[in-house]
Amino acid sequence: MQELIHRAKSLLESGEVSRVLGWKKGENVFDVEPAFFATAEELENFVYNGFCGANLSKYMIEASTWEGKTLVFLKPCDTYSFNQLCKEHRIDREKAYIIGVGCKGKLKAEKLGAENILDVQGAGYPDCSDTLKVTTLYGEQEVAYKDAMLERCHVCKGKEHQVYDELIGESVDTCDADRFAEVAKIEAMSPEEKFAFFQAELSKCIRCNACRNVCPACSCRKCIFDSTKFDSNQKANTTSFEEKMFHIIRAFHVAGRCTDCGECSRVCPQGIPLHLFNRKFIKDINNLYGEYQAGVDIDAKAPLTSFRTDDAEPGVGRG
Amino acid sequence: MSKQSELIKEISGVNPLKCMKCGKCSASCPSFNEMDIKPHQFVSYVQNEDIEALTQSKSLWKCLSCFACVERCPRGVKPGKLIDAARQVLIRQRGQEGLTANEIPALLDDETPQQLLMSAFRKYRR
Amino acid sequence: MQKIGVFVCHCGSNIAATVDVKKVVEMAAKEQGVFHAEDYPYMCSEAGQSRIAAAVKEKGLTGIVVCSCSPRMHEATFRKAAERAGINPYMVEIANIREHCSWIHKDMTEATEKAVILMRAAVAKVHLNAPLMAGESRVTKRALVIGGGIAGIQTAIDIADAGYKVDIVEKTPSIGGRMSQLDKTFPTLDCSACILTPKMVEAASHENITIHTWSEVEKVSGFVGNFTVDIRKKARYVNMDKCTGCGVCQEKCPSKKPLNEFNRGLNTRTAIYTPFAQAIPNVPVIDANSCIKLKTGKCGICEKFCQVGAIDYTQKDEIITEQYGAIVVATGFDTIKLDKYGEYAYNESKDVITSLELERIMNAAGPTKGHLERLSDGKAPKEIVFIQCVGSRCSDDRGKPYCSKICCMYTAKHAMLIRDKYPDTNVTVFYIDVRTPGKNFDEFYRRAVEDYGVHYIKGQVGKVMPQADGSLLVQGVDLLDNKQILKKADMVVLATAIEPNPDVRKIATMLTASIDTNNFLTEAHPKLRPVESPTAGVFLSGVCQGPKDIPETVAQAGAAAVKVIGLLAKDKLKTNPCTAKSDELLCNGCSQCANVCPYGAITYEEKLINDHGIRRTSRVAVVNGALCQGCGACTVTCPSGAMDLQGFSNRQILAEVDAICR
Amino acid sequence: MYRIAKANLNALYAAIAASKELYLPVRSAGKTNFAAWTEGAEVDLDTLKTVRSPKDAFFPQSENLYTCDRTDGKISITPEALQEKPFVVFGMKACDVRGVAVLDKVFLSEPVDSYYAARREKGIIVSLACSRPAVSCFCQTFGIDCAAPEGDVATWMAGEYLYWLPQSEKGEALTAELAALLEETDDAAVAEEKASIAAICDRLPLKGLSLENWGAAAADKNFDSPLWEQLYKPCLACGTCTFVCPTCQCYDIKDYSTGTGVQRFRCWDSCMYSDFTMMAHGNNRTSQLQRFRQRFMHKLAYFPANNDGMFSCVGCGRCVDKCPSHLNIVKVIKAFGKEGV
Amino acid sequence: MPVNNENWKPTIVAFCCNWCSYAGADLAGSSRLAYPADVKIIKVPCSCRVNPMFILRAFEKGADGVILCGCHPGDCHYSTGNYYARRRMTLLFSMLDYLGIEEGRTRVEWVSAAEGVKFSETMNSFVEKVRTLGPSVRLGDLRCKN
């Protein structure tokens, strides 16, 4: 971590970058927040540990409009989003100096009992340990690092950075599950079971829009659900199948653009597994139109803005 | 409306209205000269609901069910199926009075084509 | 807030017999924003249109809903009426209560309910309609004719005579098309070449006509008035400018195996060849697939003998790009393949031939130098049987469901010519019907029967059986005699069905012109616009639109030319205002819309945006209204809803959905 | 003081639900939220904080106000019926009960919001002491004692019993209705539980959180502080903090087209949203900094200025737990505290 | 929720492209090929104009089935529109299946201007299918009903 701070300071001092986009210490070990640092002094509060899950690519949209370059620290999975945003002309590559940071898996504080944590030992970077020692208000406990990881780290797309100016730090492969297993499990359910599952999950939705606002693909200047152009009075929620329209359309709008960064599921206050929507589309796209990973190749044709004359017909695989 | 003509249409699945009277069925038929009612005329009999004449005709038993007419008909009318259905109607009318398999050998003569025999056996076994 | 008038048409009894029009009027009057509702027997009539105008004036209407027949029928009529009445033509919406309602439903209550809902949907849409202004686009004063047969030649000459430049693209080495393969023409028995070659020469020498033979259309973009076309000029390996057409190269060419396409493969030609003597241009091409030099690098005989040094083995295909205001499709036809008709033994016997092959046999320049001979043994046939409707009027997948139209007449012609030239030859024609609607057509047919003794038998042939002695046994039926006929013949001629040139599908796709299930190009209207394609700026000439004979083809060619001339005579065209439009306040500049636009109508600009007082410079999409054709692909790709389609906006369609589902 | 064995709670719920609507924390799809009680619902009194606060019971996320309909050219207006059936909100924590007091200030001051007033009148609050307060809790800062919650009835979980203390007329009436299930007992167990809770509260990391630089006086003082520029940056402009908050009371009024008319409804809105209070000319707060500042200034300065010093934060800590960027009101309070303006 | 009520009439929204399917519907009309009056057609320039939102909105507002008709692949008046529509609808329908929405409620059919018979047959079979499924509730918006 000191290496990151050191490097950031020297880039700031040399004037190569005007600011640094990274993570800042919070009140506790886990409540790190994304932050811009303008001076070496401010960088004293820089932190990079197992709780730095936030995907900073999204903040680069705004940073691209500012004078000068921004040094941004990107984890391997964040670089997919960065690329995708470059592809869509939302980020100016020239305005970013990217340090690709290593990743050994990111943690979900909730899995450690976030509301009672006083301290966590072993979540640092690069020196994290296999077992986290958690001190809570109500006693101490040990949790395997693996067991506290975000869902997305278990199905990690790999620790290769897709875009960077330099790389710092080592990574550990954390992938130990099939990315599409959950989707396949739901696909195998009966329609009634599927409906019951999603109804229970979506009924929790409070339409706080955290999933949308954290999503690098959902970075429309004005979301159609906020705009009057579609007559979509989506501020009120419904009682039958709450917020389905919002979540289906949101997933549809990011289909072929979603890099599966998993931020939506990370931030949902109600713990709705929102990645199941996006991953369903990714699975279908891979199956029907060939493997496609958004954010890998800036020049690749996106699956929903291209076609083949012998594409599958709608409803293929039904009944 | 003659029930029998409806029955024939139903059994055969033939729509006589499709016929454009080109005669290709009769031109293709190997038993043409044996027949009193010619293949291209079958549809007219069904359309005119003159099923009686059709079921009484020699043609009924002269059709070899070779289905050349079915194959070659440009309009998909399939006169061979019509005659097949006419036989079926007759058989249903006769009910138990029909020939039994045992009675057949006595009625055979050398000129009866083998295919007709096979066709006949097929019907009688039902 | 719109003031809407609803006008319900009875269409005589077409609508009124099934839909309670009074009820529709009554319900319309209750709709929000509807200030006027009335019904009338024929809304499209002069009187009906006047009522609309009167209501607009009297009630100050701003929007109009006409409940009538399909908008495909009279939308334009009512838009014009609205314009005359002083409101924007795009403030009119049609509720289709005839084709989509009265004609398909029998129950009056049910049909009326549906008509009311369709009316409501149209009213809901009009509430959100906005006046649209047609833009203008320039017209390139040059036409392209695809296909150099008689249809293409005639169209080109007519357009050129009116003073406009025309290019003909022909994929074979020479213009002339099918007609150049014919011997004589019915019902006058003119020599085909004698009437065609002057036309070919006229086209070739016309100062306004450029002919690209041995060329194919590669790519078409743009729109009416402004097409951009890539033409592939295939390598000819002969320099057009140097060649004198002396023909020595063809005499000397050692590769003599390739089948002669012009003679329908009945004989062979050399690798370097001109398809026929009167070819235009009279410059040979080298068939790269059979040229020894091009295949193995050894030979070069033609080059050696060419006194002007016109042979150039290094030629490559060349793509030229041209601008056109209008495109005429004149791609013609071919005969169908007879592989599925085993009963006629076409593939078994050389003496079973198609009528087009007979044309070549009868032609003095053909494989038999014009002598009527059996191709198997060269003997003169004494018994000839013609079979009509081979593959025509056939509802299964072996043939075509339509009548090929020309066979009855050319068979009569063939029969007559044979009987005339070879009186000792018997000619029998098996027919289903003899169809002779045309000037002097039936007279012609009767002459064949009465004056030339052609034996017409009503009935079909079931089977043609080649015999060991080389003859053909024809089993047919005489339906009038009710007799089966077994006839020995020396030659059987099949009146084979014609089908559109197989290339037409590819061309139609490039032109975005629609084709029907038989691959014939579709007209904009089967009766009223028979020579126009539904795609603006694309016109139809000849058999590509449907079977026709030479006079009809020439007539249609002329008609297509007139339509082209009418188009090229304009300096500017009004463009469809129902185009996409980007809201720069919402646009993300992500380029997804541009990726799906088939017309390249979307570009991006860095623009200073004032968003309610907040200023920023942003990359935003800009739609070129002249290029946009209004498909709407971009609108769905746009996640922020910045891209919308005028005339079919998101809110308009949602309003229709709401009205139907309420 | 009354008590009921925990094992009997289902009977208690059933008895309440027999004549009233009953809302209480129910676990569903892995999360606990207030929901209507039904036979077989998985009641969860152990989870300290429901994801969203129980303010829905009085101020639902969306509610119809009235319906307009145009039939045969005539317009009719039908107001939504006011709450008539009595209901009980069971298991509200001390902070959430105070949250209702904050809402009262807004909706019960003139002009009184009749929909809210009806719900307050018909609603009975049965609060529950917090056995295990959490790290993110700071209700003490606002003078709230989570061991002695307010409400019509206060309850405590101790040992095998739920202890029940009516604290108002409504509470007494409810207790009377449930007399058959409740047995009288002394205060001993509750006193012990209160002491235990107090001991935990003493150890809470946010115990000493000071509001020194906040309150009515801060309205002008803190407005132009350069700190906001620092603080707001990570904010994603989502509404999580607002929608889990027990005191946020901003709403939007919208019309839902029924085809022949409209339903006018109101729904929660968030000052964090860019289209909050959007008007024809645009928005009166044009940057996220302004929107971010508004939320905290409202809770910590403007509200106290207009309501006799009452803060509109109750220290429940939900926003602290849920913010996707780990921004929160505590960081804001501290930032200005450090400054010591 | 299948209903036994014979009189129940589903609400069916059919989006038809202007060039092929709308003309196909016209042809069905001029050929007097009957199909249930439950089908209401909305004209769109091309199948690619149909936003998934329109389809969800229809269900939200009470439609029981939504069908999209366009030109046959390869025959699009705009060359490529229906290819995009095909991918979009394939994914959307797959998502709806995934959410447990009855699959018979959505359909895409390619109907050319010459296929009046196909149009009519398609509508007949689609309405029949939706009838067996009964009223749509899973995607409905309860605000519509109160």
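Should a chain be cited, it is by its letter among A, B, C, D and E, assigned in written order, with residues numbered from 1 in that chain.
Everything below uses one rule, namely that contacts are C-beta pairs under 8 Å (C-beta built on N, C-alpha and C of every residue); 3 or more make two chains touch, one makes a residue touch a chain.
Owing to the predicted nature of the structure, the values given are computational and were not obtained by experimental measurement.
Looking at A-C and C-E side by side, the one with more C-beta contacts is C-E. Among the other chains, D has the CA centre that is most remote from the centre of subunit C. Comparing each chain's Cα centroid with the centroid of every protein Cα atom identifies chain E as the most central.
Taking the mean of the C-alpha atoms as each chain's centre, subunit B and subunit D sit 87 Å apart. If you average the Cα atoms of subunit D and of subunit E, the two centres end up 45 Å apart.
Our note on geometry: subunit A versus subunit D, Cα centroid distance of 30 Å, whole angstroms. Residue positions 596, 637, 650, 654, 658, 662 of subunit C are each in touch with at least two other chains. Along subunit A, residues 222, 224, 230-231, 236, 304-305 each make contact with two or more other chains. Touching two or more other chains at once is no residue of subunit B. If you check the complex, the residues on subunit A that touch subunit E are 183, 186-187, 189, 191-198, 224, 230, 232, 236, 238-241, 244-245, 248-249, 251-252, 255, 277, 280-281, 284-285, 288-289, 303-305, 307-309, 311-319. Of all residues in subunit C, those touching subunit B in their complex are 343, 389, 393-396, 398-399, 430, 432, 458-463, 475-477, 479, 482, 484-485.
Only residues 583, 585-592, 595-596, 604, 616, 618-619, 637, 639-641, 644, 650-651, 654-655 of subunit C touch subunit A when the two sit together in their complex.
Against subunit C, in their complex, subunit E makes its touches with residues 11, 13, 19-20, 22-23, 25-26, 28-30, 32-35, 37, 40-46, 48-54, 57-58, 61-63, 71, 74-81, 84, 88, 112-115, 120.
Taken in their complex, subunit B has these residues touching subunit C: 18, 20-29, 32-33, 38, 40-41, 68, 72, 74-76.
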